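Letters A, B and C mark the chains in the order given here, with residues in each chain numbered from 1 onward.
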């Protein structure tokens, strides 16, 4: 499903071109060229420390907040380079949302978590409706509808994460980035998140980093395999990118095959 | 039988080592006890001077001043005023009228004047608590022998009257109200200056400042300023607030000609000087509090596309608030206890009127203590001791409320 | 799961919206915050400028010349003698006596709290030390005059110990600085990683040996910094000496007689009638500038020691 009112209604909502990511002078990610298809789930997998999160956080310019990071190359969002000089990172994060590894709801009420987010972006409509809508989309409404004024921190881990998802989608981003969203959750909560993702992809594009291969195999449409192989084995790069089915049944790169069959990593 | 394993080259010194360890353990414990003892001694010394016997003689017996059979304490304000008129010289009476018209004075104030100017009790002897409790008989004997006309009373120098009466020159009728109000007025201006700038600077340094030479200098400068002796701040305040900014701090700029103001040596100057002094303390504490806010909170806020200020205002500051408030209260405690810088700025030595405006002359509680401590007579030592207790109680309640505040805030969400 | 459709009309307009929005509020706030951050620079500039300006006036006065301030040992303004030694000497004496108390006691307390005390003991003792640190200095001054001096006079004799003397001021100043040294030293000791202690215990060392031969040396830079900060504090301390040490410059090495320190002198002069630009007024600024630079240098040295010699444990 493509939206009619985006001029660049192309098949790919995100595209990286010759992307290098640096921490200071250290090149953490090398020469990534990948395309993220609209309304599909793209997974990025690979062993620890290969730069998956770094790559993901480049998409919404979170990297530059805390470390001295810089990039070479381009990241195109709907045809526009998000690292261009005149681009405001705040706007980028408005359009590209993020869910973090450890659930981090605001120390506010469940209602306020979503309401505050909408308000800072100038939402003038019916807030109650928006909150309910978002919570429903995140499959959380039935569990919290009677306690919207309670603190977001009073929920269980899985519920907190769904609240964070509700918060992220309340401002209707086009892409949702998920950085290992279920790694801090128990298996049942994890399953709920995965089911949620399938529903969400009807309206959003999802890019997820996960170290859980089974999750990637189950839940995603496309998979990017990352590994430390650039720059003398110290820089991460995407060594293979394909339909998930292909990656897990008939990978082209031997290293991918070793990884997904559990021979290492 | 297994033989005890003895290695030739090593000596059997375990006992010596253990003994030495025990000795030093005692040394370390003793040092700690010395510290605690010092604190206890200090407080007991103050308490010792706050209570005890005093012998005093009234130059004019209050009984002779009864009018129409009414004792002095029961007389109305008008009766007391007419008493002053008859007993004092007309010059002295008119001077009092000019300082503050009798119509505006309260009955208490007039009564104080009667006691001060007419009855004039003079202290002849003061004893501290320990001696008062252990040598009561000797005291009575001494008084009976040497001061037959004197009254002997066991008093506490710290009374509610002491706290609510203004300062006078007579030890028996003086109080610390003037000083307490002066302290409060001063602290008000201190916080007015130092809190917004201090918290703002902390936010700037922690959230906005990039790591360049200017910001590093700013940070180093703040750390250094925290170690500058307080008297240097006093000198700075003298030069800038009292002298250079005199039109502002004396009120002349606002067209206020105040009889009680003395050019730039005003409450405003005092408050601003202390504000500069505590500014580094507030900044450093606020920085720590802001640094302690978990990064995940900031991530969440930025992640939904909030701007930097939105993130700071809605998430970082509320989270850091308990720490910031604690730091502010620490700063206030420090400022309340400071005397050296304010002496340099020009605290008034003899002032008996409560501060009425930022442009009033001022004195503060620690300065009052300093002045009384500097007088040789025993009764002034007791007055100083009583004021010290007032100051310590004030500081204690301030810090207790800081702890309470911090606990209350931490329990939210 | 219920079907929620997102109305396509609600989707956002095209990507050129990513352009920077002018956020005036943010810019104004950022400016205000920068001003607050920069404000402290004004304080330092103010100190240097004002103190420097008046000091210059002081040294330009006919009665004063720089060489004599350093070489003369008398400070008698009315006959034109401005040797700084009497004041400096008294400051050094009180500082030395204070540190002689505060360093051994402070470090002992720190070692006790850090290596020997149980958590319960530590949590009761630390607040007590904090109380000691929070008592206003005028109260310590009172204590010096009304308790310490009489005791000294009892011990050493009333004809030996004057009512105002630098000894009792120094002793009480030591008690004042003790909590400062002990808390900074304790921080330094706690920063030593447990693995170092475990290694020593594992080799069969006693607690004393671990404390004094392993932990203390490992924390040396922090301890040195603490001592320097304590010295800086003692030099700048005013009220204790103003009340108990004596009024009037006096060049002497006896702790039993009165002598005025630099800070005590400043306080006494400002407490009296002071006309702007008189020689007394200007001398305050010269002395103040001197104090400022000494404490500044000491504090910079202490920070440099911590930075340069911070121990690397692994």
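One rule holds for everything that comes next: contacts are C-beta pairs under 8 Å (C-beta built on N, C-alpha and C of every residue); 3 or more make two chains touch, one makes a residue touch a chain.
Owing to the predicted nature of the structure, the values given are computational and were not obtained by experimental measurement.
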_Far-end chain from chain A, centres as C-alpha averages_ = B
*Please state which pair of chains has more C-beta contact pairs than any other pair.*
B-C
*Relative to the centroid of every protein C-alpha atom displayed, which chain's own C-alpha centroid is closest?*
C
*asked:* Taking the mean of the CA coordinates per chain, how far is chain A from chain C in Å?
replied: 52
*CA centroid of chain B to CA centroid of chain C, Å*: 20
_Approximate Å spacing (C-alpha centroids) for the pair chain A, chain B_ = 57
*What parts of chain A, by residue number, touch at least two of the other chains?*
90-92, 95
*Tell me, which residues of chain C touch at least two other chains?*
none
*Spell out, as numbers or ranges, the residues of chain B touching 2 or more other chains.*
307
*Interface residues, chain B side, partner chain C - complex*: 17-18, 20-21, 24-25, 27-32, 34-36, 38-39, 41-42, 45-46, 49, 196-201, 203-205, 208-209, 215, 217-218, 220-225, 227-232, 234-236, 238-240, 243-244, 276, 279-280, 283, 307-309, 333, 336-340, 343-344, 346, 349, 366, 369-370, 373-374, 381, 384-385, 388, 391-392, 395, 399
*Along chain A, where are the residues that touch chain C in the complex?*
3-8, 77-80, 82, 86-88, 90-92, 95, 133, 136-137, 139, 172, 174, 195, 199, 202-203
*Where on chain C does chain A make contact in their complex?*
1-2, 4-6, 8-21
_Which stretch or stretches of chain B touch chain A in the complex?_
295-307, 310, 314-315, 318-319, 412-413
*What residues of chain A sit close enough to touch chain B in their complex?*
60, 62, 65-66, 90-95, 97-100, 102, 104-108, 116-117, 120-121, 151, 153, 164, 167-168, 171
